[in-house]
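For reference, the structure I am asking about is given below.
In order of appearance the chains are A, B, C and D, and numbering begins at 1 in each one.
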Amino acid sequence: MTADLLVAAAALLVLGFAGALWPRPDGAQIVVYGGSAIAAAALAGQALLALLGGGAATPVLTLPLGLPWVQAHFRLDALSLFFVLLLNLAAALVSLYALGYGRHEEAPHRVLPFYPVYLAAMNLVLAAADAFSFLVSWECMSVASWLLVLAQHREAANRHAAFVYLAMAGFGTMALLFAFGLLAGAQGDYSFAGMRTHDLTPVLAGAAIVLALIGAGSKAGLVPLHVWLPLAHPAAPSHVSALMSGVMTKVAIYGLVRIVFDLAGPPQWWWGALIMTVGAVTAVLGILHALLERDIKTLLAYSTIKNVGVIAIGLGLALVFRASGIGDFAALPFIAALFHALNHSLFKSLLFCAAGAVAHATGTRDIERLGGLIHRMPRTAFVALVGCFAIAGLPPLNGFVSEWLMLQSVFTSPSLPQPLLKLIVPVAGVMLVLAAALAAACFVRLYGIVFLGRPRSPDAAAAGETDAVMIWSMAAFAALCLVCGALPAPAIGLIEPAARAMVGAGLPDGGAGWLYLAPVAGKPSSYSGAVVLLAMIGFGLAVALLVHRLGWRSLRRAPPWDCGFPSTDPTTQYSGSSFAQPLRRVFGTVAFRAAETVDMPDPGETRPARFALSLWDPAWRFVFNPCARFVVWAAEHLNALQFMTIRRHLSFMFATLIALLLAVAAVAR
Amino acid sequence: MNAVATQLAQIALVLALAPLLTGFVRVVKARLVGRRGPPLFQPYRDLARLLRKEAVLAPNASWLFRAAPYLVFALTWLTAALVPGATAMLALGPTADLIALIAILASARFLLALAGMDVGTAFGGIGSSREVMFAAIAEPAMLMVTFTVALVAGSTALPEIARFVIGGGVGLEVSLALALIALVMVAVAENGCIPVDNPATHLELTMVREAMVLEYSGRHLAMIEAAAMLRLLAHAALIACIFAPWGMALSADPAALIWGLASFVGKMAVAGVALAVFETSIAKMRVFRVAEFLGGALMLALIGTVVRLMSEGLG
Amino acid sequence: MIAIPTDPIAVILGLPLIAAAALATMPSHRMSSRVNVLAAFATLMACLQLFWHRPEPTDLLFIDDFNVYLVMLTAFVGFTSSIFSAGYIAHEVEIGRLAPLYLRFYSAMFQLLQFSMLLALVANNLGVLWVAVEAATLTTVVMVSLYRTREAIEAAWKYFILASVGISLALFGTILIYLAAQPAIGPGIAAMAWTEIMPRANQMAPELLNLAFVFLLVGYGTKVGLFPLHAWLPDAHSEGPTPISAVLSGLLLNVALYAVVRFKMLLAANGEALSPGPLMIAVGLASLIFAAVMLYRRRDIKRMFAYSSIEHMGIATFAFGMGGPLANFAGLLHMGMHSLTKSAIFFTVGHIAQVKGTQRMDDISGLTVSHPWLGWTFVIAVLAISGLPPFGLFMSEFLLVTSSFARAPALAILLVLGLLLGFAAMVMRVQSLAFGTPQGPTHGDTMRLKLSLIPILVHLGLVLVAGLWLPAPLVAWFQAVALMLG
Amino acid sequence: MSASLLNQIEYSASHLFAALVLLGSFALIYQRRMVGMFNAFAFQATALAAAAAWEAYVQAAPHLYVTAGLTFVLKAVVIPLALRRIVRKLDIHRSIEVVIGIGPTMLAGIALVVLATLLVLPVMPGVAAIAREELALALAVLLIGLLIMITRRNATSLVIGFMSMENGLILGVVGVAGMPLVVEVSIALAVLVAFIIFGLFLIRIRERFDSLDAHYLESFRGERR
C-alpha cells in the first residue's frame, strides 16, 4: 500500500508535468483531471480495503532520499490510512467535478500543472514517517496551493490573499520545525520511530505540543492563526477551494494528531484543555464571521474555520481523557473528531463545488446579487440543500452525527479528575452547540439568499443549470453525506482502527450497531439517523398522500400576500446583511466591534441613504496589523543605513572592531 | 412486541392530543382574561377547514416551499412520538436521546426558516432571521439543561432519565430546579409564546413565526399549524418526562399503561394551565430583549451545572 | 616553492591564469567571450578529477574535504556565469549600454577573478589566502565600475575602500596567527600552512588566537558582507554587470566565509581559546535580521537580491557559530546551495532587466504572463532561495532550525524571526514581479531567451536534486568537515 | 654584559623608530592643511623605513632592507610628491574638513594607543618583548589610520588615512622576526596597485564631479521613498 501510494504520487507529479506541457488545453484538462480522479479513486479504494482489513500498519518503507543519515521513511498506519481515504475520496470526486468545471477555467495552464502536484503532496504528507519528508511534503502542499491561489493573479485581492497565505504557511512550518526539533532531540533522530522512543521532559513535550498546535493549527485555521484562510480559500478556483477547505485542513489536523497523539509521548491534561479551548473559540468566532460574510466562498471558508474548531474540541477532549487515564472514554471524542473531519470534507467539498457552479452560472459570488437559483439551477440547488443541511449539523445528515458523538463525550466529562476540566468541558460543549446553532442560522441565510427568493440581479436571473458531470460529482458527495448520516456505523468502523492505534481503545462492543449508535458503555443514550430519515420521509410522504387524497388537492398561483403590499422589486427582499442583523447585534458588537452607520440625507436631498457596516477581526486588529506595522516601521528606520557616506560606514567597521576587541579582552580576563 | 404496540399508540396519541392541548391553552387563556374563548375542539376544526381549502402559492414558490410543511410536520411528529409520555416503553425510543430530539426540532425549524425565505418577501425574511437568532441562544441553553439533567440522571436517554427520577434517585436538587426554569423559558421561546412571540398577533412587524409562514395557505398551513401544536405537546411532555415522570408506565402492564395515560393527560392539562397563566400575566418583549431572556436561561442552566459539579466535588 | 604543472591543482590554477593572459591580448569582445567560456569549461573539467584523485598538500597549496567542494562549485558557477556573461555582454553592447572599449579587459579580468578565488580556496598558506582575496577584491573593483556611470563608480569606490580596510585588518589578524604558530612550529613558511598549524593548534597561545580571530572576523567578514560591515555589498551588486553580481554573490562571498570558517576551525582545534561561536552567532543573526528587514523597502531588483545574499551569509555564519555536527552540516550545505541558487537568480534577474529595460521593481510585473519561461524560472528560483522545499536550502534550514531549537531556543527563535521576515519579503516581491497584469515590454520569450535559460535550469535542477538527495561523497566531505569544525 | 648592553640598544632603537611612526600618526591627526598632511605622511613613511632598516640590521634579515627601501622611495618620496602635484593641478581645497575636532581626535588616538597596548602586551607570553611592543605600536598606528579615515571628510585624507593604516601593517610585519618574505612583497604590491587604482579613481572622480570630497559621492539610487 505504501509503495502504491508513492507510485500514485509519482504518477500525479508526472501528470503535473503533462499539465504544463500538454499542447492543447482541452486535452490537458481531460488528462490531468481524469488522471487525478483515477489515481485518487485507486488510492481511496486501497485505503478502504486496508481499513476494512483492520488497518494494520504497513512496514516502514525507506527510500534513499532526504537527509542522508535518516533517509526518507514512509509508513501507513490506521490513522494515515483513514486520512488517505478521506483525502482521496474527496479528491476523486472533486477531480470529476473539475472535468466539467475546468472547461470554464480562464487560465487552465495556471491550474493544471499544480493541481496533481497538490494532490501528490497531500498524499505524501500522510505517508511520511520522518520529519524531513513530512515537512517537505507539507511545504510542497503549501507551495502548490499557493500557486493555485494565484491562478487568477490579475486581481490584487487574490495576490494579497496568496501573500498572506504563504507567509502564514511559512510561519506554521517554522513552528513545526521547532516542534520536530524538540521531538528529535539534539542528536537529530528525525524518523518518527525514533521520536516515539524519546522521553521528553514534561516542559519540553508541552512546548512541542504548543508549537505543533501553532504549526498545524495555522494550516488548519485555528484562531487566531486563521486570517489567511478566508482570504486564500476563496481566491483559488472552486474545485481547488473545495480541496483546500475540505481536505487540506484535514491534512493539517492529521499533522496535529500525529504529533500530539503519536509522537509526543504520554499526554498531560492541560494539552487537551488548551486544544479544546482554542477549538471552542475557533468554532464560535469562525461561524460568527461566516454569518456576517457576503461572499459565498469566503463564507464557506469561515465555516471551515468553525468546523476545524469543532474537530479541535474533539481532539482536545480525547487528549484530556487519555491524560486522565480514562482511555475508554478517549476513543469516543477521538472518533467523533475524525468522523467530523470526514463529514466536513464531504459537505464542504460539496458546497464549494456548488458555489463554483453558482459563481460560474451567474458570474458573481456576492450573495446580495443572487437569489432564486432554485428555479434556474434546480439540481444544483437540491444537492446544495443537502450540503447545507449537513453542514448545519442537523439530523438526519452526517454533520449531526459527529457533533452528537462529541456531545456524548462532553457528557462523560464528570468522570474527569481535574475540577478545572469539569468546568471547561461543559463550557466547550456549550460553545459547540452555540456554533452549531449559529451554523444553522448561517446556512439558512446562505441557502435562503442564494437559492430561494427572487433574483437580485440580472445575472442571477439569467443563470442556467450547470454541467452534468459537475452535478453528478456533487450528487455523489450528497449521497455520501446521506449515507454517513443515516448509517454512520460503517464509517465509524473505518475510524476505529485509528482510535485503537492512537488512544488505545475503540468504542465499546456493539456500541456501533448498524442501526443505532450507542457510543458510551453502560449508558443507553443512542441515536439512529436511519430511523429519523425514514420517519421524515415516511411520515412526510404518508401525510402528503393522505392530505392529497382526503383534503383539497387544488393549487392556485397568485401574487404573494406580503401583508398586502407585494412589491415586484427584488431589492425589497430580505438581504443577506439584513438577515444577519439580529445576530450581528447580539454577538457582533462584542466579538468584532460591529458598528452600523446610517447616512440619512436631509429632507429634500435627492441622494440615496447609505448604510455602512464596519467589522474588526480581533486577530487582525491585535496580532497581525501591529506586526505588519512594526515591520514597516523597522524597515523605514533601518533604511536610513543605506544612505550614509563611506566615512559613516567605516565608522561602523571601526566601532565593530573596537567593540569586539573590548569584548574579547573582557571575556579573556 | 409490546414496545412496538405502545410506540404505535404513542404516535397516534400525540397526533390526537396535540390540538387538544392547544385548544385547552386557548380556552384557559380566554377564561383568565374574562372572555369565553373558542371551543375546546376549535383547533381540530381549524385544521380540517384548512385542509379543505385551496392552497394558494406565490408564482415563484419552489418545490421546497411545498415540501417543507410536510417535512416539518413529519419531524415534529417524530419528536413528539419519541418523548415518553404515558409510557417509557417505546420501540423507537433509542432513535434519539434528548440531544437528538432537540436537533430534530432544529431540523424542522431549519426547513421552516428556509421556506420563509422562498417567496422572496420582506416579512418571510424577518421571521426567518429572528427565528434562527432565538434558536442560536436557545439551543446552548437547552444543552446546558441537558447537561445538568445528565449529570444527575447519568444519561441523556429520556426513558432512562424518567426511570431514574421515578426510582427516587433524586432529592430536592437546586441544580434541577434551575434547569427546570431554564427549560421552561426555552420552551416558551421555542413555541412562540408570549413574551417571546405572539402567534395571535396581527401586527406583522412584531411577528416572528407568523411572519415566516405568512405566505402559506390551505393544507400547507394546516401542516404547519399541526406541527406547531405537536411541538408544544412535545415540549410539555419533555418537561413532564424529565421533572415529573411519576405515573409513567415503565412496564407493559395494562393497568400501568392506563394509569400512565391518565397521568400524562393530567400533566398536560397542568402544563396547559401553567402556560396560559404565564402568558396572560406577562407582556410581549421587544425582539432584542428576547436575546437577553434566552441568555438568562443559558445563565440559569450554567449556574445549575456549576452548582451540581460543586456539590459533586464536595461530596 | 612553485608547484609542478602535472599537479591537478596547478592545472586548475594554471588554466584561468593562462587564459587571462591570452584574453588580455584579444581585442574583440565576441571572440574573448567564447574563449572565456572555453577556459571556464576546461577549468571545470580539470576540477572534476578531484573526485578521484586528491593531490598531496604542498607548502602553498592543498585540497582537503572542506575546500574540494567549494573548488568544484567555483569552477562550475564560473563556467555557467561565463556562458551567461557572453549573452549578457553581447546584449549590452547591442543596446549600446557598454562600449566595446570598456570591455577590453573584461574577460581577462573574469578569468583573473576566477583564478584568485580558486587560489584562495586551495591556498595552504595564510599569506597566499590573503593575497588571493586581495587580488579578487581588486579585480572585482574594476569589474564593478565597468559601466562607468556615476553610480557604478561610486559603488566601486565604496567597495574598494571598505574591502581594503577589511583586508588590512585581516592581514593584521594573519600576522597574529603567525606569531601564535611560530613558537610551536618555528619560524618560516611552515608556520603559515594550514596543514602544519592545524595539528599543533593546541600548542598555540589561546589569547593570541582570540585577538587574531577578532581581526580576521572583521576583516574577512567585511568581504562576507556581514552586518554592519556590509555597506559595499548592495551597491556593488546592483551597479556592476549582472554576471559579476552572480559571481560576487555566488562565489566571492563563499570564499570569504570559507576563510572565516577556516580560522574558526583553528580556534576550535585549540581548545583553550575562546569559542568563536557566540561571536559568529551574534553577527550572523544581526546580518540575517537586518537584511531581512531591509528587503522590504527595496526598489531595485538587484539590490533586493544583494540583501538576500547578506541574509543567507548571516544564516551560514550563524550555523557555523552554533557548531555541532548538524548545524555545521547545515552551514556547509547552505553555502553551496545559496551559491547555486543565488547565481541562478542573478542570471534570471539579468534577463529580466534586459527584457524589461529596467531594474526598478515598480516598473516590472506580470512576468509569467509576458514571458512565461523567464517568469516561471524566476518564480522557481525565488522559491528556492526562500528556503522552500523541494530545494536544497530547505534542507539546510531544516537542519539548522531543528537542531538549534533543541539546543538554544532563544537563538533559534531569533533565527526563525529573521527567516520569516525575509521569506515574507521575498514572497511579496515575487508576487508583484511575476504575477499581476504585465507592465513594460511584453514581446514574449524569444528562442534565444529560452536557450539562455538552460544554465539557470541546470542550477535549479542541481538545487532540486540536492534538496531531495545528496550524493554520498558530498555527505562524507561535509560530515568530515563538520567534525573538524566542532 | 656587553651583549646585554647591545640588546638594550637594539631594543631602544627599535622602540624609538616604532614610536616615531606612531608620532607620525599623531602628526597626521594634527594637520589642518592638505600639504601639512602630505609632509606628516612623508615623515611617518621615513620613520617606518628607518624602523624596517633597523630591524633588517638587528634580525640580520637582508630582505627587510628591500622593504625599507621600497617604503622610503614610494611612501616618503613618490606618493607625497604625486599627491602634491594632483592637489596643485586640480586646484582642490587646501584645507581639511574635520568631523570631530582635532583635540577630541587626539584624545581618541591616545585612547586607541592605550587599548592597543592593553590588548597586545598581556597576550603574548611566548613572544619576544621587542616583537610584542612593536606589534602594540603597529596596532595603534593601524587603528589611528582608521580613525583618520573616519574623522576627515576629504577623499584625499581618506586615502592618506588608509596608507597610514598600511604603514601600521608594515611596522607589524617587520617587527615579527622570521615572517616569510611573501607577505612583505605582497604588501608592497598591494599598495602599489592600490595607489594606481586610487589615482585612476581620483582622476575619474575629478572628471565627473569636479570635487574630491567623498561627501558628494553619495547618491540615493531612487531608493529613498
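Some points to look at:
What we mean here is this: a contact is a pair of C-beta atoms (placed from the backbone, for glycine too) under 8 Å apart; a residue touches a chain by one contact, two chains touch by 3 or more.
A quick note: this is a predicted structure, and the numbers were derived from the prediction, not measured.
Once chain A is ignored, the contact network of the remaining chains breaks into B | C, D.
Of all chain pairs, the one linked by the largest number of contacting C-beta pairs is A-B. As a whole-number value, the distance joining the C-alpha centres of chain B and chain D reads 99 Å.
The distance from the centre of chain A to the centre of chain C, with each centre set as the mean of the Cα atoms, comes to 43 Å.
One simple way to say how far apart two chains are is to compare their mean CA positions; for chain A and chain B this gives 35 Å.
Separating the centre of chain A from that of chain D, both taken as means of CA atoms, is a distance of 69 Å. Annotation for chain C: residues touching 2 or more other chains are 157-158, 161, 165, 169, 207, 210-211, 297.
Contacts with at least two other chains are made by residues 119, 123, 146, 149, 158, 214, 217-218, 223 of chain D. Looking at chain B, one finds that none of its residues touch two or more other chains. Chains touching one another, given as pairs, are A-B, A-C, A-D, C-D. Residues 119-120, 122-127, 131, 135, 138-139, 142, 146, 149, 158, 162, 165-166, 168-169, 172-173, 176-180, 182-183, 186-187, 190, 193-194, 197, 201, 204-205, 208-209, 214, 217-219, 221-223 of chain D are the ones touching chain C in the complex.
By the touch criterion stated above, chain A contacts chain B in their complex at residues 371-372, 374-375, 378, 381, 385, 389, 392-396, 400, 404, 407-408, 410-411, 414, 419, 422-423, 426-427, 429-431, 433-434, 436-438, 440-441, 443-445, 447-449, 452-454, 516, 518, 523-528, 531-532, 535-541, 543-544, 547, 550-552, 554-563, 566, 570, 572-575, 578-583, 585-586.
Residues 99, 115, 118-119, 123, 143, 146-147, 149-150, 152-153, 158, 214-215, 217-218, 220, 223-224 of chain D are the ones touching chain A in the complex. Those residues of chain C whose C-beta lies close enough to touch chain A in the complex are 157-158, 161-162, 165-166, 169, 207, 210-211, 213-215, 217-218, 222, 228-229, 231-232, 234, 274, 279, 290, 293-294, 296-297, 324-326, 366, 368, 383, 386, 388-390, 394-395, 397-399, 401-407, 409, 412, 416, 419-421, 423-424, 427-428, 431-432, 435-437, 467-470, 472, 475.
Chain contact summary for the complex, chain A toward chain D: residues 639, 642-648, 650-651, 653-654, 657-658, 661-662, 665, 668.
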